[in-house]
Each structure stands twice: as structure tokens, then as C-alpha cells.
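Shared chain: chain A. Partners: chain B in the first complex, chain C in the second.
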Partner chain A sequence: MTATIGETEVGQRRLRKEDARLITGRTQWTDNIRLPGMVHLAILRSPYAHARINSVDTSAARSRPNVIAVYSGAELDNQGVLVNAWPVTEDLLAPTYFPVALTEVRHVGEPVAVVVARDAASATDALEAIEVDYEPLPVVLDMEAALAPGSPLVHSEIGSNKAFTWIFDSAAAGTGGDVSQAPADITVTRRYVQQRLIPAFMEPRSVVVDPSGGEWTMYSATQIPHVLRFLLSATTGTPEHKIRVIAPDVGGGFGGKLAATPEEWIAFAVSTKVNRPVKYTETRSESLLSAHHGRDMIQDITVTATRDGIVTGLSVKLTANLGAYLALVGGGVPLLGAFMYNAIYKFPAYRFECNGVFTNTTKTDAYRGAGRPEATYAIERIMDELAIEVGVDPMEIRRRNWIRHEEFPFTTVCGLSYDSGNYEAATDKALQILGYDELRAEQNARRAANDPVQLGIGISTYTEMCGLAPSRLLGQLRYGAGGWESVTIRMLATGKVEVISGSTPHGQGHDTAWSQIVSDQLGIPFEDITVLHGDTRVAAKGMDTYGSRSLAVGGVAMVMACEKVRDKAKLVAAHLLECSPNDLEFTDGKFRVRGNPEAALGMAEISGAVFVAHNLPDGMEPSLDSEATYDPGNFSFPHGTHLCAVDVDTETGRVSIRKYVAVDDVGKVINPLIVEGQVHGGVAQGVAQALYEEAVYDESGNLITGSFAEYLLPSAADLPSIVSDRTETPAPGHPLGVKGVGEAGTIASTPAVVNAIVDALRPRGVNDVPMPCTPERVWRAANGGVA
Partner chain B sequence: MIPVAFEYARPSTVDDAVAAVVAAGEDGKLLAGGQSLLPVLRLRLAAPTTVVDLGGVSAMRGIHVDGSDLVVGAMTTHAEVAASGLVRAEAPLVALTAATVGDRQVRHRGTLGGSLAHADPAGDLPTAAVALDATLVVAGPGGRRTVAARDFFTGIFSTVLQPDEVLVEVRFPRMPGWTARYEKFHRTAQAWAVVGVAAAVRRENGQIAEARVALTGMGDSPVRARAVEAAVAGAADLGTVKAAAGHAGEATSPPSDVSGSAEYRRHLASVLTARAVAGAAGMI
Partner chain C sequence: MARVKVHVTVDGVNYVDEVEPRTLLVQYLREQVGKVGTVIGCDTSNCGACTVHLAGPDGASRAVKSCSMLAAQADGCEVTTIEGLAAPDGTLHPMQKAFHENHALQCGFCTPGMIMSAVDLLRENPSPSEAEIREGLSGNLCRCTGYQNIVRAVQAAANGSAAPVSSPAVTA
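Let's look at the complex of A and B:
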């Protein structure tokens, strides 16, 4: 990985080659797939948050028109179980999780029975004919109530609602001091609540299973076809080589499709039972109700500091609502945050404790950022509060505590090694673009005039760990898989290239970015490269797509694979040009004889020569194809400074974002257009957590926000024009210098917005507004609690 | 999201439409744009045996002046109403309100009559109709009758329309010289109003001579803010308007839900009323 490759494609604002098919929908969305003889599923879901199932009578439903079969949980005796892939502690309480409930339902929306019919409408119609005798049981929805003695148990058989306690202490780990011994001229303690969110991907989940010929092909709108294949095999006993999983084009995920879902397991089992291809596509209502939710944590956080604001210790007690079951990596999400509470700062002592709690709610799992937005929110909020205690500008408190540029590489209090960063540069640029000083002046003027519309400025200086992840470290954290990524290059006879990517996109733009990289690496035109992914029979190896890892990890595998192709092609070129390989250099996409630029061969010509194999070096295998698998040695650490200026109408509580500046350092940029798109989308989702989104249950455990009429997603009309700029500190030791950008906007933006709101209302005695900062909450805060 | 199967009728005249709803009986539903009905069908919250689509009744579409009334056909879309020069001149409040409904797609499908007959308590156009003392013309098997807007709405999703009747047109009194504002407070651009205030004013000698004010989201049906109307008459400055607007929440029974508490809605009603009236009067 040492060859210097000229860059003509990398860095270009290429329009995405996949967009025409994605935008028009003329592609293989899973729900577009129609197989001969295919039948359709509909799922009966529990209306109770907690109930015993005394009986399920499916007989009447079976006689409905076009119905082929109906199964209760007991009747679907080959359904297997759903597993948790991240048992975070040795003594984790992991209840058995059946795809279709057998004897008890534990959240509204849990599958109770499944209908198979010739068409989806008949399957849906037959649901009402299923008779279920439920015996309601006590419900617990609140995390803290669930931990209290005498609480109703979500799983009586495991005896507790607390699934695990996970602790990190820098003194015990030897990575820092003891928080209880930290000097504390100033102590600031706060409670922040991460409300429950719903990933709300654009394409609802859909699955097709074809059991023909003693093999099972599953098409699923998933982020993780490879993981899915492994898990299906491991939990159903079906041999892995008899299972093929295909993620066709997938319309968004945000972590919501980083899942092994009951619906996938149900479709798999039913296809075997009826021996026909089956399809299940959820409705939007089912998606909001039963696809896993995100966030839902209580953060009790304390910082201690010297009189001049140098932080001496950080303690976090996190309570995480797991929902009714352990989702695929549910318990692990808080751990991803655990290493990020110290953020960009040089805190000398740190203690983190997380309790995972079962409640009668939909299970929670990864949602864009997964642990890191929560951590960033809490620390960036409380740094503002510390600044108030110390009496300095919130930017100044950050400067006093952050890792200075010259201090990299830096080992944090968690033991992570931050390879690079330049917080000063990103911050200076952001302040200048925003016009920080001018806005502060305007803020003072408006405060003096008692203007009903107050101005607030919010700061978020964030970092994140991404490029998940070094496999050895994942093993230490008890994660159930590795963190490597794989790429195969196929050189076709005519000089075209197929790049087979282990990581599979669900909107990220792999087809384009991968083509840009390979184009430079092999000297092949952008248009002559096709990127294949998502089919375990085409892309045999992969760890899939989450945690801003595709480029940071998979990109390296791609460069390694290209290097292998180049190395071999060089031998062929030398043979054909009748020179020594040492006399060749690879420039402008061709192997050229040094000192004789006319003597040159491009990759297309070499591919043709290898294809016919008429004149290759003695003993050479006639193939240029290559494969590479890369396991990262470290995480990557993008960072940046986001600034937000808001107008707060104190009469109505309405918050309007007036200006939003994002200066991100994601390392080297392959395609600025894609990076900006990721930042814009990420900021939109982070703003949405700050202002709009919240999943709300009533006291019986019914999801009140069960449609987009109540679960509010902002549209473009509600969002500001985002100024996205960058600093570029290449990741050292990384062949592409990239760091990852998929989650950055989401991680950075939420505290920037809430800090701005609190800043606007600070003179009114406000030091917090709970999320989402609805107009009513802001109005109440602005007017002394109650008007 | 698959509706229960239903029969579909698509009449082309008002008489045929009435005949179709009579034939459909109690379990029939009218489709007048479908922006509320289709979600309800797909969520299986309603399962009509027959859906009578009014989209083919051309006589129910269009805008014209008839004497002292501006007449808007019930099947006229929100987009047509919002863009109509006639509506803007004769009943500007209606055009301004229609422009705030849903989103662009909804406004090109949804209709004035559909909105009024649906009677969503968060609906915008019922409020404008009540504010302006509109008259609704209803056709049934026995002929036509008229209903004052204030008598039309009887509760949440509930009106005086009988199952065998069709809302044909809406007559707004022509109010030349009046100016208007609809203040809609919603959490996102596409969300329903938490509270909305429809205001129309007539100015004389720099004062508000008369005002019509009605509220969205402050009860099961649109609420006419008579106390505000009385208090604001003669107002010449913003302070007087704000004081008058303080009466907006009186005699209302707003809901408490995820969009806002009753207390907050009452507060919003006053703030938004001041802005609507002052805005209509050109004071802000």
C-alpha cells in the first residue's frame, strides 16, 4: 500500500450513477420482486403491551377465501429463535425471543399469528378471523419504574427487568484516574433524556423467501445480508451453504435495517412449511410500531472541574431502555457511546455505568450514530453548563479542555488512540463562516431590547469513533462478529471491471464512490466500472454496512485488491513490452517504460492479453482477479464544529433555525457531493431529534405516535439551508486517508440546536429544555415553567 | 395498508351522485379528493361497502360570482381556490387559508367540499367558512337545502349532512375591501394546525371597523371568537388588538394531546389572534 496513484476521479463531484434507478424506482426493491407461485403473508400483532396467550384459534381464518395456511407461534414449529449478537456482559439476562409469540406477548405489535394467502389483500382480510384469547398482565413502560423493587416483570422467567450492568472505570482500566479522587472546585450534575426515536427509513421492510430446490434464497430490505445468512443458518439449523441472502437496492436504513427481524424468520419458516416463495412487506404503521426503535436513554452526568474550568473528572450513569427483548446489537449501543463521552477533551478521570432495562415497549437498537449521538449530546450540553459556572464563553471552555493539534496522536481516558485531528482549524473556520462575534452582538442588543424573539447560538464540537471496527477489540467487547471488510476485483476481457463489495449500500452511493477509487487505482474509466454487492452468492464475504465503516474499512480492502491486480498486470506488461518490471511505472493509468513513454500498456490491453492467455509469462495463472480482506488496526475519528443560530419566539415557543454551519473533518474526501449529502441528511435527522421526533406510548403501552401524522418528521420546508464546509486532516496510516461521514451530521447537530435554544433563553433562567424542544416546552421554559 | 374491498361508483351529475349515495345507504362514503378518506380506508378505520367518487361531477367544480355571493363548487381543489383571482378579491381569507392546507400534492387533490364535509377539528377551511358566515348548499333526494356554516359542524368529524346528501357548493358573502390573514401554527410544514386563527377585517379611517375571527383546533368544531370581534371593533393600534385578542380562548374547550395542552392552545389562540387581526389590518 505504498504506490502513489494519480488522482483524476477521486475528489470529483460525480453525480451518483445509481440515482436514476433509485429515484425512479425502476429497480429491484424487494417489494418489486415477483416470483412464480409466490404467496403473501400478513401478520397478526398483539394489541396488548403485556398479556398471556391462553389460546390462538386459526381455524376460521383458514377457511377464508384464498387462504393457504395460518400459523400461530406454536403451529410454526420450525420458526427458530432470534438471537442477540452482542451479549455485553457474561451474566447478561437474555430472554428467549420467538419470532411469533408462543405463550406471552410483551409489547404492542409483537407477532401472534401469520396468514399465508394467494394475495396480500386476502391475507390481510383473514387476520380478523383469528381468535386470540389474551389475559392481560401488568405493564411496565418506564425504565426507572422497571428497576424499582416490586415492578411487574417483562420476563417473569428471568426474574429481573435489569438485563445487565456494564461499567468502565478509567482507574480500574489503568487509562486514567479515579473520579472520586478528582479535584472538584466546581461540580456540575445534569440529567438528560434521549427520547425514543423511530428510524423511519423511506422503504418499509420487505422480505421474499424462495425455498426452491432444497435451497433458500432470501431477498430482504436489509443492511446486513451476510450477517443475516450466518444467523439464519445458526438459529434454524439450515446449512449455511444452502442459504443465499440478497439485499437488492435498499431504500434507507439508518441502523433500522441493521437487524435480524421476526418477519425475516417468519418468512423463512413459512416458505419451508408451504414450500412456495413467500413475500411479506410491512405497512408503514407496522414499521413505526414494530421495527426497532432507537435512543431512549436517561443520562445522569457529572463533571468536576477546577475554578478555571479545566475538567478533572467525568461520571456518567446511563439507563438504557432495551424494550421488551434484546435486539440484534441492542445492548451494545450504549457501549459504542461509552467511549465517546470524553469526546474531544483531555479528561483525566472517567467512570461510566450503564444499566440495560426491559420494558413492555418495542425493542431498541442502532439508530444513526448508535450511542455516539447520545454521548456527544450529553457532553456538549454539560460543557455549556460548565462554561456558565466558570463564567466564560462556551467556546472558551472547549478550548481550555480539548486536545490540541500538536498533541496527536492522543490516548484518551478510555484508552482509545485518536490518530489525528485539528479542532482549532475546524472551529476557527466555523466561527468565521457563522459570523459568531456579530451574532453575539445582535444577541446582546435583542436581550437589551427585551425582544420577544430572542437569538441563541449553539456550539457542538464533536468527534466520533467510526470505521467499525478492529476485530480483536470487538472480541474484547464481546461482540459476536469481526469488523473486517472484503472486496473482490474482476477484470473482464474487454477491460471493464466488476468491483464486488462486501459492504452493501442502502443509499450511501457505493456504486459511485467505489468506481471513482477503482478508476484511479487501475486507470479504468469511471463508466467502465460496475459495483456489485448485496448478494451473498456474488459477494461471498462481507460484514455489511453500519457505523460509517464502508469506506473507512472496505475502501482499504478495495485499494489492497487493486494493488494486487496492478502488481500482476505489471508482470504481464513487462512480459509484453519485453522489459523488466522494474523498468515500468504506472502513470496516468498505464504501465510505461521509464524513459520511453511511447512504450506503454493500459489495463484494458493487459486484460485482453490475460483473457486469451496466448502470451503470458511461463507458469502464470491466466487471471488478474483479486480479493482482499482488511481488518482495521484502529477506529477512525472524524470530527468537526457545528454552529447553529436560532430565533426563539418566546410568545409561541417556536424555534426557527436561522443559520446552520457544519465544518466537518472527515479526512480525505472521495466525492464532495456525497459527503455534503451525508452531512445534510445527518443534520436533518439530528435537528429532528432536537425539535420534532418522539415516539410516545400511552399508559397502556399503545404507541400514540403510530403514523407520520403524530410522529413528526421535518421536511425540507422545515429545515435551514445548511452551510457545509470542511477541513481535511487525512487519517495517517490509512491508504485513502478517509475517516467516514455517515453519522457525523446526526451526532453533531442535536446538541448544537439545543445549546442554541438554551443560550437564547439563558437570561430567563433557563438551563435546559427537554427534547424534543416542542414549541410548548420552549414556551413553558421561556416563561418560568408555566405562563 | 390494503382497504377492505368496496363497490365504486363514479357519477357525472349531481342528481346521479345523490342517486348513488341513496343506493349506497348508510355504509356508503363520498370520495371528494380522498386526502382524508384514503388513509382512513387504508388503515381500515372505515370499511364502506360503496365509495361514490365525486371527481366526475363537473358541475361541482369551479368558481363564480352570483349576486352578493362568491360561489365555490364543492369539488374545487385547494390549489384552484388558492390561485383564484376571484377568490382573492372577494373572499381573500378563503384563498389564504386554502394555500396553507397540507402540502402541494394534497392541495391539488383535496377539495373545499371534502374538507368541510370531513369536519376535522384541525381542518383549516371549516374555520374560514365559519368566520365568513358562509352558506353551504346541500343536495338530497328531496332537492336542495342550505345550511349556515355555523350550523353545519356538529362535532369531531361530524356535520348535519345526512347519509343521502351531497355537499354541492359553498357560498361566501362577497366582502370587497376586506383584508384577511390566516395564522396557522403547526409543528412542521405538512402537519395539521395545533391552533389556527382566521381573521378578516374591514378598515375605516385607520381603524378596524369590523372583524370576523374564528379559531381552528380550539374545540370539536371551529369556534367563532365573537368576544374578540366585539372588543377589536374600533381598534387603531396594536395594543388594543392584543388586548382584544386576549379574549380568544374564552368559551373554548381545546383538546390536550401530543401537539399541545389545552392551556398552551388557549395561550396560542390569543397570540395568534393578535397576529392574525393585526396582520389582516396591516398593523404588523
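Let's look at the complex of A and C:
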């Protein structure tokens, strides 16, 4: 990266460009789209967790008012299949996954038939007229029961409920020692359970497909329009160039819209059948029931250490509930965590084993952090337990084991190269803001006084891997695609700029942050830049938005594309200023002749000159536009220290977060306003896992948290205000120095909260409270586990 | 199905329509009037994304979740949606301005309902404490912001200034 670009926009708290239409109700959500002749779908879903479908009779439903067509799975013979893009092992057991079930349903909510009608209400009304003859089959919901010999099989045709076993061993990989040989003065073994969560984006999923003219345009509330287009083509045989996918305004995702859904495939197939535009919008109850869930893992973790608490080995046996089918990246989520259990610590030996298990539940896949929150939870919880064994403060055990700032770059026991970080600086800042020593003193006083409300302090010193991902590494891990990102810059005749972003936002603020970057790069005013995205016909190339990758990966492509524009513009400027390109420098947004600052041309003037093309250098192509695609050489590694102080009422089990401090180091910050917003929201979701949320099934496999009346999505009254602060250790080698922030808060906060609760109750002999830490569970733990 | 006639004013325009008796107010607003700025986030009246203001014949206006009443029940009423909140010349309502200036939205799906509830909250309690704001907005769910900047925005609007409340300084 050659030129040094001044920063006038980057780093500013720019208010968001996106807001204008969002605060006035002028937004294009997918469900707002109405096309001429459009008809509506409703989906009949299985009431059984496991049943054979003996017959589906759609005839009565067809004669209902306004009904255009009704299809069972067999009747929708062009539906294609849903695929898993991450076959994590060569011998993975991957069942065939039809959008509408053919002969067997394997979870409550699985589509069984679809009605097409003039309006959505008529379609829904007609569902009751579809006759399905189900023959119930044995159900298995618990993942350990599913692995036991003699368990009912979710997919009898594949012969096992175990989809895969994936192992990483540092001795075998040559990246560390053998855990079985690790010195073990102290051995701490714990089981932690990651309860099942539901991403619960606020905009329910919606899809519109227009099949007009031998081409298919799909509008979908998705995080991944480009991936979706590829998959639709690959699984239905429709030529890729005949498919256009548009993600209009998308109301949140959190991994929940990183999906290829039955509903999208159904709408695509039905639109072809009826040859009219179709729309399907799910209800919230359908969303909670059938959009993919997250987490749901059992973590058996062992840490060994010397008498002084220096860690010597780490073993993790993970059992992951995949649900009834392999979702798009379902089996891969545990792998994203596999490389993070060692976290910021210098473990010399590590072994990780994961078993992926089918059960008769909704499939699981990415939810904010995807594997990394789970890993961070387990290691940060058990480091506290190790501190107790050694007899030191939990902060001290971390200091003894973390990578010191002068040790970067550091190759971990997994073989990852952490490029940069300063755990000491972030931690010192967090401790100071929290008032750690004062709170410890207060804690001691309240313990001594046997106060019924006990004070607990929780620590989470986390890192994560962001910027998904180096394509070559993804290939080694058997992921089905690359991890590059693409940006195109269009220079308009009037000096305005269109930035075409391959990554597509759903609340992150791309329009604003990208404008800030390009403004500095090209010397174009922030207001004169428009960011386009989310339409495969406009943004032809992209790998979309997840894994805190948009800026970490796409940002490099953006800088590269701007460099290409500047390089071309420089030749034009030299021609017009009648000087050598070598005499020009780009400062304050203009090409200036060295030693003669009056002789200068800005990008807008050059754009106009290229547009008319009357006076360009001989042979020059009359265009400044450029495209760049970037494939990262490494992940990025944001980190930070989150501290949480809680009051725990031992008489009621009530937990109140008294103070929460988040000091994050996400590298260089483009827009502090947006970064703080990401941290606030991320922390809220992590706190929600610690205290509130859990998807629960009854013994028959019915989701009993199937609406917002039962699934406790926290409200403003349930959450604290937090203190969000930062340290900035720029990512070396990255032209913007950025690392990614989308998942940090969620990854960090869950262990901070639970560590605080356990810390409060430690004198009562408590060493764990299962999540979510409801008042009942906290009270039971505080009172000796009495019934 | 027999249809019932409703006379409703929505964002200052009078409408006379026939609706199915079971039609929810939010469905009527979105599908018949075309007010798609008001959105549906759930089916149990928990999320509040569909919140609008409803003034009865007595003129008293209050925030309602438009999924929790029938269109027929709005007969003779005046409805204000997020699309009718700004002045006719486009000048934003102070609450809209406060949400923008305090970064109180990310994906923006909950925002119409959140803003309508927040306006109603200040009408009932012009100087709420943080706890009162949090309690007052507890019928509106947001998944993106953690509510922190929403609380700030309401505070700013209550103070008669949409200027952002100061944030902690950042040091490198």
C-alpha cells in the first residue's frame, strides 16, 4: 500500500446515512414488496417431531376460496434439495434434505405442504383442509441419548445419529505437545452446557420470487444474497445467470439469516409452477420454530497446570446438537470454536474432539459468534476454577498465562498466528474503570457481614478470530466456498461516487462507514458517496456478511479499488497539468504538483475530464472505475476485557448487574458511534444467554418457547447500561488497521456475567450455575441445591 | 365473509373501506392503506414493532399495538403512523431526530414502533428517569442496540435537545 492517505473522515462519529428512511418508515423490507399478479404462500408444518408420512391429500384445500394451487412434497417435484456447505469430515453422514418433506418428518415445524392463494389469509385458511396421515415414530431429543446404543434414529437410512467426529490434536498437527503427557500438578475438569438459543432477528424472514421472462428474481431477508444465488443454481439446475437475488433492507440477522432456507427453495419452486410472483412471510411463531437455532452444545473441558497455575494442557470434548438436518454451515460452527478454546493463553498442548449429533429438533447453525462464544465461555469459566485451585485472584491466573504484548506475533497451540494485541492494556483500563480493588474490598465486607445480597465480580478476557476468512484455510477445513470480498468503485461524471460492496448489511452501517473510508481515499465529500449492495445484478461479486468480515476483509478490497482509481486518475491529472506523474502527490484529496500547490486537480474534476474524454493521454481507456477482490492471508484477532459486577440476592435468586465495563480492542476504529452500538447490542445478546434465553422442547419434541410470550428476549427493563471503552492496537499489515467488532460483545459478555454470579456465591460452595441463570436456578445454587 | 365498513383517518387522510371483521388494524394499515412503514414483528403482541398512535372521537391520543386490535375497532378514529410523524414539510419529529443523532437504531425494524412508543412515553411523563424510560419501553423489543442508545435518545428528546449524550473518551 503505497500512498499515505490523510484521515479526515475515518475516526469520526458520523451519523448514519441509513437512518433517514428507517426513522420515517420509508424502508423496503421484503414483506413490503408487492409485485403485479403476486400470490401468497402458506406452509403446513409438521406437528410431530418424528413421523412417517403415509399420505398427503391436498384435494379439499384446492377447492377453498382464492386457492390457486396446493403442493405436497411429492407434488412439488421441482423443489430441489437443501445443501450443507461445510462437510467437516470426509466420512460425514449427510442426510438428504428436501424443502418439503417427502416421506418422513423429523422435527416439529418441518414443511409438509404449501398452499398458494390470492391473499395470505386465504392461503393460511386453506392449510386446515390438507389431510395428512402421519404415523408417529420414536423421538430422540437429547444429544447424549441420541449417541447411546439402541437410540431411535433420526435418519434410519444413514444408520447413525452421529454425523461426524472431528478431532484436532496439537501433537498430531505439530503445533504443540501431547495433552496426555502434560505435567498435571493440578487438573480441573468441568462440564458446561451451552443452552439452545434462537437468533430472533426482529424482521421475520420473508421471500418474494418473480419468475417472469425465463429469469428468476428472488427478494429475500437474507444475509447472503450471493451465496444464495450460487446455491439456488447449483441445487435446482437453474442457470446462475438467470437468477438474480436481492437482499433489500434486512432487519437483523445475527447469523440467523446466514442460511439457505426451505422457505426460499419452496418459493422458488412454486413461482415456477404457478408462473407468477409469489410471496411468503413467516409469522414470529414459525420463525422461532423453524428458522435455525444456535448453540446447544455440551462441553467437557479439562485444564492441567503446574502448582503455580501455569497451564500445561487443554482437552475439550464437545458434543454438538445439529438438530434434525445439517444446516448450511451447521457442522462447521463447532470448528470455528475449536481454534478459540486456548483463547489468549499459552497452552503448550491441546486436544479437541467434537461429535455432531442429529436429534428430532430444529436444525442449528450460526448465531452471533458461531462457536467462538461457546469456546470463550468454557475457557473463561474454567480459568476461574483454576484460580480457585491455585488459590489466587482470577485476574492473577490470567496474567500468569496470557500472551504478553511483546510476544506478538504469537503462534498458538492451534497453529493460528495472532498478529497483535495488548491484553495488559485493555485489562488495566477495564480494572480502573470498574474500580476492581474497591469492589473486592466491598465484597469481602459483605461476605463478612453475611449480607443476604452478595456481590460478585466476573472477568472475561477474550479474543476471537474475525475476518472470515483465508480461502486456502477454509479449503483445508473443507468449507465449500472462499472467504474473499469484493468492492467496485464507479466514478460518476459529476464527481459523485458509487461504491459497490460485495458484503451486504443488515443493520451494521456499511453505507456510512464505507463512505467515510472512500471519502478519505479519494478526496470526495462524504455526502457525495453512495454505497450499493445486496443485489447480485448490481454487486456482482461478494461473499456477504457474517463473522465480522465486512470491514476486515471488504475494507481491504475497498482500499485496493480506491488505489486503482487514484493510479488512473494520477495519469490523467499529470496529462492535464502537463507534468510527470512522478511530480504529483495526493494530499488533502487532490493531486498537487510538488513545489507548486496551486497547480492541483481534485477527483471530481478528473472524473469530469474522463467522462468527456476530450483530452486524455493517448491510448487511455476513458474510465476511472475499478474493481478489487481481496483474499485475506490471516484472520484478525480483536480482544478485550469485560468486567461485570452483580448483586445476587441469595433469598430470591435475583441477579442485578450493578456495573458492566467493556474495554474492547478492535483495532483501528472507522466510526466510534457504530462500534459502540455493536458492543452494546453484542453485550446485550451475551447477557441474554447468561440470564434469560433458552429454547426448550417438551418430551414430545414440541418447542414450548415458541413465541415471544415464552422465549425471553430481554426488554429495555431487563438490561443495564454499560460502560464501553476501547484500546486501539492496529492490525499490522492491514491497510486500515481494523479487526472487526460484530461479535465481540456477545463473545465476551456471557462468561463475564456467569463468572460474577458464581463469584458471588463461591463462599456457599457454589462452582457453577447452569445457563440461563434464572432466579430459581440461582436461588437453588445459593441454598445448597435444595429442591 | 361479510365485510364491515370503517371510516379511519390515517396520517391526515380520510379513508372509507370495507374490511373482513377479523382484519387486524396493522394488516389494514399495511395491506389496504399501504402504510408499510408500520411493521409486524410477532404474533403475540410482545414486540411492539407495529405501534401507532390512535385518537378516538374524544381526541385523546395513545400508543397502541396495531396487531392487538381489529381494524373495525378503529372505526371513527384517527391513526398516526411513523409515516405521519414528521411535519408535512419533512421536518423530523424531535424523537426521530434524537434516534438519528444518538445512533438509537441499527437494522431499524423495531424503530417505527419504538419511536411511536417513545413519543407516547414523553407525552405521559415529560421528564422520565432512566428506569422509567426502560420500564416505559419494555413493551417494545429491539435485538440490535441493547437499548442503551434508545434510552439516550429518549433522554435527549426529553431534554428538548437531540444532542447526543456524551460518551466515554477513547484513548489509544
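Following the convention adopted for this analysis, the second predicted complex is superposed on the first by the 783 of 787 C-alpha atoms of A that agree within 3 Å, B and C clash if a C-alpha of one lies under 4 Å from a C-alpha of the other, contacts with A are read in each partner's own complex, and residues count from 1 in each chain.
As a convention for this text, a contact is a pair of C-beta atoms (placed from the backbone, for glycine too) under 8 Å apart; a residue touches a chain by one contact, two chains touch by 3 or more.
These numbers were taken from a predicted model, which means no experiment stands behind them.
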Once the shared chain is lined up, is A:356 touching chain B (first), chain C (second), both, or neither of them?
-> neither
Tell me which partner A:22 touches in the superposition: chain B (first), chain C (second), both or neither.
-> second
For A:705, is the partner it touches chain B (first), chain C (second), both, or none of the two (neither)?
-> first
Using the superposition on chain A described above, determine whether A:684 touches chain B (first), chain C (second), both, or neither.
-> second
Identify the partner contact of A:742: answer first if only chain B is touched, second if only chain C is, both if each is, neither if none is.
-> neither
Could you tell me if A:348 is touching chain B, chain C, both of them or neither one (first, second, both, neither)?
-> neither
Where does A:728 make contact in the superposed view: on chain B (first), on chain C (second), on both, or on neither?
-> second
Taking the superposition as given, does A:284 touch the first partner, chain B, the second, chain C, both, or neither?
-> both
Taking the superposition as given, does A:177 touch the first partner, chain B, the second, chain C, both, or neither?
-> neither
Please tell me which partner, chain B or chain C, touches more residues of chain A.
-> C
Set of chain A residues, in rising order, touched by both chain B and chain C = 121, 283-285, 707, 709, 713, 715, 717-718
Touching residues (chain side chain C, partner chain A) in the complex | 20, 22, 30, 35-44, 46-47, 49, 81-83, 85-86, 92, 96, 99-101, 103, 105-112, 115, 130, 133-135, 137-151, 164, 167-168, 170-172
Of chain A, residues touching chain B in the complex | 120-121, 124-125, 283-285, 651-652, 654, 692, 696, 704-705, 707, 709-710, 712-715, 717-718, 774-776, 779-780, 786-787
Going by the contact rule at the top, pick out the chain A residues touching chain C in the complex.
-> 13, 15-16, 18-20, 22-27, 29, 31-32, 121, 200-204, 249-252, 254, 283-285, 429, 506-509, 669, 672-674, 676-677, 680-685, 707-709, 713, 715-719, 721-728, 745
List of chain B residues in touch with chain A within their complex | 1-2, 4-5, 43, 103, 185, 187-192, 194, 258, 260-261, 263-264, 267-268, 271-272
